[in-house]
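Everything below concerns the one structure shown next.
Per-chain residue numbering starts at 1, and chain names A, B, C and D are given in the order in which the chains are listed.
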Amino acid sequence: MAERKPIKGVTIESTEKLIAETLAEMPEKAAKKRAPHLGANEPTASPCAVKSNKKVVPGVMSQRGCAYAGAKGVVWGPIRDMVHVSHGPVGCGVYSWGTRRNLMQGVPGVTSFPMDFTSDFQERDIVYGGDIKLEKLLKEADELFPLNKGMSILSECPVGLIGDDINAVAKKMENELGKLVVPCNCEGFRGVSQSLGHHISNDSIRDHIIGKFQFREEPGPYDVALIGDYNIGGDVWAAKPILEEIGLTVKSVWTGDGEVEKIGATHAVKLNLIHCYRSMNYMCKVMEEKWGIPWLEYNFFGPTKIEASLRAIGECFDDTIKANVEQVIEKYKPAMQAVVAEYKPRLDGKTAMLFVGGLRPRHTIGAYEDLGIQITGAGYEFAHQDDYDRTAPEMAKGTLIYDDVSEFELEKFVEELKPDLVGSGIKEKYVFQKAGIPFRQMHSWDYSGPYHGYEGFKIFARDIDMAINSPTWGLVKSPFE
Amino acid sequence: MAERKPIKGVTIESTEKLIAETLAEMPEKAAKKRAPHLGANEPTASPCAVKSNKKVVPGVMSQRGCAYAGAKGVVWGPIRDMVHVSHGPVGCGVYSWGTRRNLMQGVPGVTSFPMDFTSDFQERDIVYGGDIKLEKLLKEADELFPLNKGMSILSECPVGLIGDDINAVAKKMENELGKLVVPCNCEGFRGVSQSLGHHISNDSIRDHIIGKFQFREEPGPYDVALIGDYNIGGDVWAAKPILEEIGLTVKSVWTGDGEVEKIGATHAVKLNLIHCYRSMNYMCKVMEEKWGIPWLEYNFFGPTKIEASLRAIGECFDDTIKANVEQVIEKYKPAMQAVVAEYKPRLDGKTAMLFVGGLRPRHTIGAYEDLGIQITGAGYEFAHQDDYDRTAPEMAKGTLIYDDVSEFELEKFVEELKPDLVGSGIKEKYVFQKAGIPFRQMHSWDYSGPYHGYEGFKIFARDIDMAINSPTWGLVKSPFE
Amino acid sequence: MSEAAAIKKVTEHSPEEIEKVKNWINTEEYKERNFARSALVVNPAHACQPLGAQMVATSFEGALPFVHGSQGCASYFRSTFSRHYREPAAATCDAMTEDGAVFGGQNNLFEGLENAYALYKPKMIPVYTTCMPEVIGDDLTAFIKNAKLQGHLPENVLTPYANTPSFNGTHIHGYDAMLKSILETLTEGQSIEGKCTGKLNIIPGFDGNVGNLREYKRICELMGIPYTMLADSSDVFDSGCDGEYRLYPGGTRLEDAAESVNGKATLALQKYSTVTTMKWIEAEYTGEKVIMPMPFGVKKTDELILKLSELFDKPVPEQLKKERAQAVDAMTDAQQYLHGRKFAVAGDPDYLLGIVSFLLEMGARPWHVLCSRATKKFKKEMDALLESSPFGAGCTTYINKDLWHMRSLLVTDPVDGIIGDTHAKWAARDAKIPLFRIGFPIIDRVNLHRSPWVGYTGAINMLTMIANKFLDIKDETCEDQWFEMMR
Amino acid sequence: MSEAAAIKKVTEHSPEEIEKVKNWINTEEYKERNFARSALVVNPAHACQPLGAQMVATSFEGALPFVHGSQGCASYFRSTFSRHYREPAAATCDAMTEDGAVFGGQNNLFEGLENAYALYKPKMIPVYTTCMPEVIGDDLTAFIKNAKLQGHLPENVLTPYANTPSFNGTHIHGYDAMLKSILETLTEGQSIEGKCTGKLNIIPGFDGNVGNLREYKRICELMGIPYTMLADSSDVFDSGCDGEYRLYPGGTRLEDAAESVNGKATLALQKYSTVTTMKWIEAEYTGEKVIMPMPFGVKKTDELILKLSELFDKPVPEQLKKERAQAVDAMTDAQQYLHGRKFAVAGDPDYLLGIVSFLLEMGARPWHVLCSRATKKFKKEMDALLESSPFGAGCTTYINKDLWHMRSLLVTDPVDGIIGDTHAKWAARDAKIPLFRIGFPIIDRVNLHRSPWVGYTGAINMLTMIANKFLDIKDETCEDQWFEMMR
C-alpha cells in the first residue's frame, strides 16, 4: 500500500496535543479509560496502537448500539425470505424497522418480509416467561406468511434475564413446522457493542443454517459467495454484476437481499469474497476450517480499490478470469475517469473525517482519495484490533484515529481539524450541519446510493460534491451579527 | 304540466312587496328600467310578464358576459377538432381557456385543441389592422396543428372597431389551405349579453359549415342530432348512451365534444333533439326550414323529466323505439328510486333559488323537485321572452322571477327568501357562502358532474345533499360574538 | 361551387396518422417550426391590463372597481379572481354596447357611476378601461368631470381613473397605471413640507399570494416599523366566513394612502409592476424611495431586512434572526432533494427573478425560464442573475414566448419539474413532470395563495412543497425493492 | 440426523404459488385469520416508554437525558428523534452490560452521572430506564442517593428519575412518568400558600409537531395570557443553523417549571399522555386544572379559546376571531373535496380523537380507526365521538391491533386515504391509497413537523394537504378527456 502523502498542518505532535487537550477536560477516570482509544496514526506501526472493543465509558455519550442491533439490524434484517421475530418488548423492533436501508427483492409480505414481527412482551411475559407465547407466535407467523423460508428469533434484553429457553422452542418448532427456526441470543446487554451481535449471529448461522442446503445447480469452478455486503441502498446490485462480468458465479450473498437457503448452501463455493470484514470474518474462518474454502477481503469503493480488488480476485482463478478482469477494468476506466474529471476539480485538496461502524472508516478512504479528498481523522464504533491494523496504512502519518469516539471528543476534534466534510451517522449529521460543516451519512448513504462498484462511485462522487459544494452553506453565516 | 304546489310564505303579494322594497333603494331611472325584469310568477300567464334581453343597466353589477363569451365560450370552444382563434388582444382568450368545462376526447394538441390560440393584438395591430397578421397566423396554426378539421376566427372588441375584414381573410385562407375557415363577428360589445354571440355563431354555422359534409354511413331511420349539449363535466357522455339505448343513432352533437364535419353533415338527420333551447334554437329553425328536420326540446335533468322526454322522443318514432323507451325507463327506475330514497329524506321541504345562463333556471327544476326541493326564485342572465314563457309553468305561484338580476337585487332577494341553497355561478358562490348559505355552481357543476341523464342524477343528488347538509355550515356562527 | 360538389365525406384520421403527428410535436424539428412562429400565440402565460387594474382598485378600503367598457371583461376579471382566491370579487361596469362604439361611452359612464354610487355606497370608484373605449378614444377626464358637473355623482366622490388598453403590456402594467392614478387622487393636496409620518409605504405589486403580503406586514410589525401597504389585497381576498357577506372587507385605508405622500420611505417589492408609479413617487413623495427584488430565498430576505433596519434605524429582532437560522437549517437539511435538479419556470418578471434566485440558493438548476410578455431589460437582468451562480450555467431565458413554446422545450430538453401557474399544467402533463404552483392564477388547487413564498418562512414553504412532491413521486413510481421507510 | 439426509435442495416458489399467496393475503378469509392472532404482533404503530421519557427529558433548559440501562436503546431513541425532526437529539447512557445484569447498574450509574455531568455541564439530568434495570429491579432511588453521597455528582444537581419499563404501556406512558418526576423534583419546596404566578401551565403531551406547540404559545400570546409550557420541545427540536452547535438550544426554563406549582391554571392538551402527571398536579398545584382534547378542527379550538378566556378573564382577540372566520371560510369553500370521503386513521389516542373530530367536522367519514396500544376507556371515548355525528356511522374503532391488521382492513374494505405516521406507508401502498402524514414518526418527508395541525391555522393546513393530494391524484390518473384546467 503506497504510503499516504502527509497532510498540511497534521503532524503526530499536533494530533497528540489535540488528544491531550481533549482528555484534560474529562474526569480523570474517564480520561484514563479513553486515552488508549485515541491516537495519532503511524502508517507502518503494527499492531496499531489504538485499543478497541472495550466497554463504553458510562455517560460519555458513545454512538454505539447493542448486540440486538448487530444481529437484527446488520445480519438478519437483510435476509429477505425469513420472518425475523424481535423477541421481547415492542421498542427494538419498531426502531429498527426499515431504518438500515438493506433493500430486498420480492413481494413484500409474501416472499420478502421488510416488516416488524415482535412478541411485544408485556409485564406478564416478564413474570411468567415468553416461551409459550413464542411457540404460538411462530405458528401464527408461519400460517400467515406461508412462503417464508425460515424464521429467526432475535432476543431482546429481557429474554436473557428471565430464563426463557428460545433454543428449545426453536428446535421444537423447527420439527413441528418443518421450517428453519433459528434462535439468536443477541440480548442487547451482551458484549460491548453491535459487534458481539454479529458474532452471535455468525454462530447461529454456523449451528443452524450452513450445510443444511445444497444449490440446485451443479458446482462450478468459478462459484463464489459475496460475504458482508448488506445491499445498503442497492450496493449488492451494483457489486454483483461486476463479479459476474469477470466470469464468476455469485452463488449467495451474506446477507444483503439474502436468501437463507442459499446461505445454507454456501459451503459448496470455491471462494468467499468478504467486503465487511468486521461483521462476517467469523463465518469465513469457520468455512475455511470446516470446508476448506479460502476467503479474500476485497474493496469496491472507488476505481483504485475496485481495480486492485478485481486483480486480487483474478489471482485466485485461472487465466480466463484474469483476462476478463483486465477487460472489465478497461471497459469502465473511461466512465471512472469522466467522474473524476467532473468532480475532482471541485473536491481536490479538501479534507474529511470519518466515524462509522466497523468497515467504512478505512474502506471508503480510496474512494475519497480518488476524488482528491484526504482523510484527516477516522475511527470505528465497534471495530477490533484487526480492523485498526488494517486502517493505519490507509491513512497519512499523524492523522487522528479515534475508537468509540464520544460526542464530546468528536466535536472537539472536528472543531480543531476543520474538515470540509464529516462522514458519520444520523445521530451526528445535524450536530455538525448546525456548525455549518457539510455532512454525509456513511451508514445509510443519506438515503441515496448505491456506493459500491462502478455505478456506486458515480453516485458517491455526485453526493460528496453536492454536500461540500452546496451553496446553502454560504447562507449559514448571518449578516445580522 | 302539473301546477306546482304553493310554497309556504311565498305569495304574489309577499313577492311583489319584496320587489318594490328592492327597487325603492335604487336611483329612480334604474328602478324604472329594472322593474319590468322582476315579477311574481303566474304559472298560467302567457306570455310571462317578466321582460328580458334588454341592455344591462350601467353600474348595477350585472352577472352577464358578452357576445364573444357566447360565441367562443358556449358554441365554438366545445368543438374539439377545430383551432379556435381568439382574434384580438390576449385577455379574452386567457380568461376563457379551460374555464367552461366543455370536456373533449382526442389527443390534446394533436386531434383535440383544448388550448388558447390568439393573435395577441398589440397597439400596431389596432393602428394598422390585423388582417395580414390573421392570414399569417392561420397558416402557422394549420402547419403546427395539421390534423385540425377547420379553424374559427372569433372576433374580440377591437376587430369590429378598426375595420378589419375577417370574412375576406377567412374566405381567402379557406381556399388557400383547403380547410374550413369560419369567421365569427362576435365582438364583445355587440348585443346585450352572451345571447347575440350564440346567434352570430349559429349564423356562421349556417353560412360556412352546415351542408358542406355528409356522414360516411348511409342515413338511417333513427338518425338524430343532439343540439345544445356542451358536455359540461361529461354531460353528453351521460346523455348520448340513453338515446342510443332506446335505439336512436346520435349522428352529431352541437357542440359538446363536437366534430365540425359531423356538425356540417347534420342536415341529413331525421330529428334534432335540443336541450339548451336558448343557444341553439336558431339553427333548429334553419334546419327545419331548409331541410324539413323537425326538432324537439327535451330535458335530461332528473328521472321525472328524463322519462317524460324519452316518451316524447318515442312519439316521434315507430313502436320499436317506443317499446325501447318503456324498457329503458323500467331498467333505470330502481336506480333512480334508490337515489331518491337515499337523498330525499335529507332534502325534502328544502328550498333553492337559481340564477344561471339561459336554460338551467327552468330545466333543472325537475331534478330539484325529484329530491323534494322547491324552487322559490329563478332567473336568467341572457334568456329571452320564449324562455320565460317556458319557465312560468315550471314554478309555483308567487315565486320570484328575476331577469339579468344584479348583485344588489339578488342579495336582497336571498336575504329575504332565505333559501337552503343558491344555484348560480362562480361570481356569486363565495358571496352567499360568506353568508353561510350552501351554494352549487350551476354553470360548471362545481367541477363535478355530469348532471345530465341517469348517471348525472346520482351525482347531482349527492352534490346537492353534500352542499346543503355539510356540517361545515354548522361552524359559521362564531361562539365568540 | 355547386352544393353537391362541395359536399365532402366526414373525414377520420387513421391511428397511424394520429400517432405520427403525436410523436412529431415532440421532435426538435417541430420545436424549430414552433419557435419560428411570428403571428400565432398559443397558451400565453399572461393576462391583459385591466385585470391588474382591478386588483389594485379592489385593494383600497370602500373602493368599488368600475370597468368603463364591455361588461364581458368585468365578468371575466371577476371570475378569474374568484377562481384564484375562492373569494368574492366585486366590480361593476357601465356596459358599453354598439351605440357606445358609435357615440362613445359618456352616457354609459354617467348612468354607471350614478347607479354604482347609489347601490353600493363606495368611498372611492377607481375607473379603468377595456378595449372599446380605448380604440374609440373615450376622454375619461372629460367624461368624469361632466358626470360630476351634471350631478350623476357628488363632487367629493373619489374617481381616480386609468387608461388600461389590453393591446399593450399585461396585467402588471394595468396594476401600475391604476395604482399611480389612485395615489395621485388620494395624495392630492396632502403633501406637507417637512412633515414625515415616520411610516414605511410598502407596494407589493401584482401578487396573487395574500400570504406574501401578510409576511411583509409581519416583518414590519416584528421590527416595530409603522407601515402602510399601498393596494393591500390580503383581507379583501381572504376575508372570513361568519354569516355576513361584506362588499368591502378590507384594503388600504384611504386616509393612510393619502398620508403616504409624507412617508418616511417607500418600498416597491416588484420593479416591473410599479414602473410609472415609482417614477411618479420619486418626484412627489418625501423620504427614501427603494425598489428591491421580491424577497424569495434567504439572501434577498436578508437584503430586505438590512434595508429596513437601515431605513428605520431598527435592530434586527431576535425572532427574525431565529427564523433565518431555521430557514437555513431547513435548506441545509433538505438540499439533497433539490441539488442539481433542473427546473423550468414560467410567470411574471418579478416572480421569475425571485424563484430563480431561490433555486440557485438551493443548488438547483433553473433551465428554461420563460416570460410570455417581457422587455429585453428583464432578459438582461435575468441572464445576469443566472451568471451570478455556477448553477445558472446552461439556463436559457425566453421572453415573448408562450407555454406552447415551453412545451416544445420540455419534451425536447427534459427537466425535473416546472414552476408556474395552473396554465402550465398541460405542458407539465405532456412532459410527465410535476407542476409546482407558484404564480397567478392557481385555479385547480386549494389555499396555495394563503401560505407565503417570500421571506424565511416562505423559503421553507417552497422547499417543503418541492422536496415532498419529488419524494411522493419516488414512493409512487419505484418498484417494491426500492420502496423504503426513510427518504 | 445424518448430515447427508439433512441436506435439502434450495427451494424456489413458483410464480403461480406466489400469485396465489399474493391474492390470498387480500381476502376476507385471510383477514379473519389475521385478526385471530393472539401472540404475534406485525408492524405495531407505537414505541416503548423510554422514548417518551426522552422527549420530556430533552424539553427542559440545560437538561441532559440520561438512559440507565443498555446503550443500544439510547442510540435507537436518539436516531428516531433525529430522523423525525432532522435535528440533533443528545442523550447519554450508563451503558449497562452483562455484569450489570448480575450485579445491578449502580456502578454504571455512578460513572455515568459523573462523566455526563463533567463533560456536558447540564442543569438537570433526568434519568429513565430500559428493560434491563427494570427486569433486575435496580433501585434508582438508592443508586442516585448513593451517587451523590459518594461524590460522583454534586448534591445540588437535579436528578429526577422515572421507571419506564418498555414491557408495559407505550411512549406516551413514558412521557407521563418522566414529566411527573421532573415536576416533582423542580417544584419541591416551591409551593407557597396563597401565591399565584398568574400564569397558565400548558402541557402539550407527546406531540412530534413543534408547529402545534408554537400554535398553543401563539394563541396565549395573542390573548395576553402569560404561560409556561411544561416540556417545551419546540426550540430544542427546531433550532436554527447559524454556524454553532448548541447542546441545549432551548426548553422550559427550570425556574418557570419550579414556579408552575403556584400557577393560575394548568392545562393538559393530551389526556392519555398525562394521566399520572395530572393526578399528581390535581393534588399538588394551585389554580384550576383542566384537561382538554387536542384542538384539532374549529369546534375544539373554540372550546380551548373559550376556556382560556374564562380562566384568565380575557376577551377573545380580533385576530383569533378573524382566523376562525378564515378557517371556516376555507372549510366551507373546500368541503366538496373531503365530504363523504372514507378515511383510515392510525396513531396515538389523543391524536386519533383530534383527527377524527376534524374529519367529522368536514363531513368526511372516518372508517377504520386503529390504535395499536390503548385502553377500553379510549375505545369508549372514540365510539362516543363517532356517534356524535351522522358521518361517524359505519366506522369501527380497533384497539391493540397493528398495521398488518390495518392492511387487511384496507384491502378488504377500501377507503379513500389513510392518516398516520410513516410506518403506515406500506399498508397505504398495498391498498393503493394516499398516506397523509399526521403523527410520529415522520421519517420520509421534510418539514411536516413544522406547520401546525391544531388551531384554526392547523385546520386549514390539514384541509389543504388532504384536498390537494386528492386533486393531484385526479390530475395524474385521469384520461386526457377528464384532464381539466379547474378543480
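Assorted remarks:
Criterion: contacts are C-beta pairs under 8 Å (C-beta built on N, C-alpha and C of every residue); 3 or more make two chains touch, one makes a residue touch a chain.
What you see is a predicted model, and the numbers here were worked out from it, not measured in a lab.
Taking each chain's centre as the mean of its C-alpha atoms, the one that lies farthest from the centre of chain D is B.
Note: centroid distance chain B to chain C, computed from Cα atoms, is 31 Å.
In whole angstrom, the spacing between the mean C-alpha positions of chain B and chain D is 53. Distance between chain A and chain B, defined via averaged C-alpha coordinates, is recorded as 68 Å. Multi-chain contact residues of chain B (touching two or more other chains) are listed as 97, 99, 107-108, 430, 433-434, 476, 478. Among the residues of chain D, those in touch with two or more other chains are 83, 86, 239, 241-242, 321, 324-325, 328-329, 332-333, 423, 426, 443, 483-487.
An unclassified topology is adopted by the chain contact network, corresponding to no line, ring, star or complete arrangement.
Listed by label, the pairs of touching chains are A-C, A-D, B-C, B-D, C-D. Looking at the complex, you find that chain C touches chain A at residues 298-299, 302, 305-306, 316, 320-321, 324-325, 328-329, 331-333, 335-336, 339-340, 360-363, 389, 391, 480-487. Put simply, chain B touches chain D in their complex at residues 97-99, 101, 103-108, 112, 234, 257, 430, 433-434, 444, 446-448, 462-463, 466-467, 469-473, 475-476, 478-480. Of all residues in chain A, only 25-27, 29-30, 55-69, 85, 88-97, 99, 107-111, 114-123, 125-126, 133-134, 136-137, 140-141, 143-144, 146-147, 149, 156-158, 160-162, 188-192, 194, 211-216, 259, 261-262, 264-265, 406-408, 411, 425-427, 429-436, 476-478 touch chain D in the complex they form. Chain C makes touch with chain D in their complex at residues 83, 86, 238-242, 321-326, 328-330, 332-334, 337, 422-423, 425-426, 429, 443-448, 450, 460, 463-464, 467-468, 471-472, 475, 483-487. Partner chain A is touched in their complex by these residues of chain D: 3, 6-13, 17-18, 21-22, 25, 30, 33-34, 37-44, 46-48, 50-51, 66, 69-73, 75-80, 82-83, 86-98, 100-101, 108-109, 111-120, 130-132, 135-136, 165-168, 170, 239, 241-246, 373, 404, 407, 423, 426, 430, 443.
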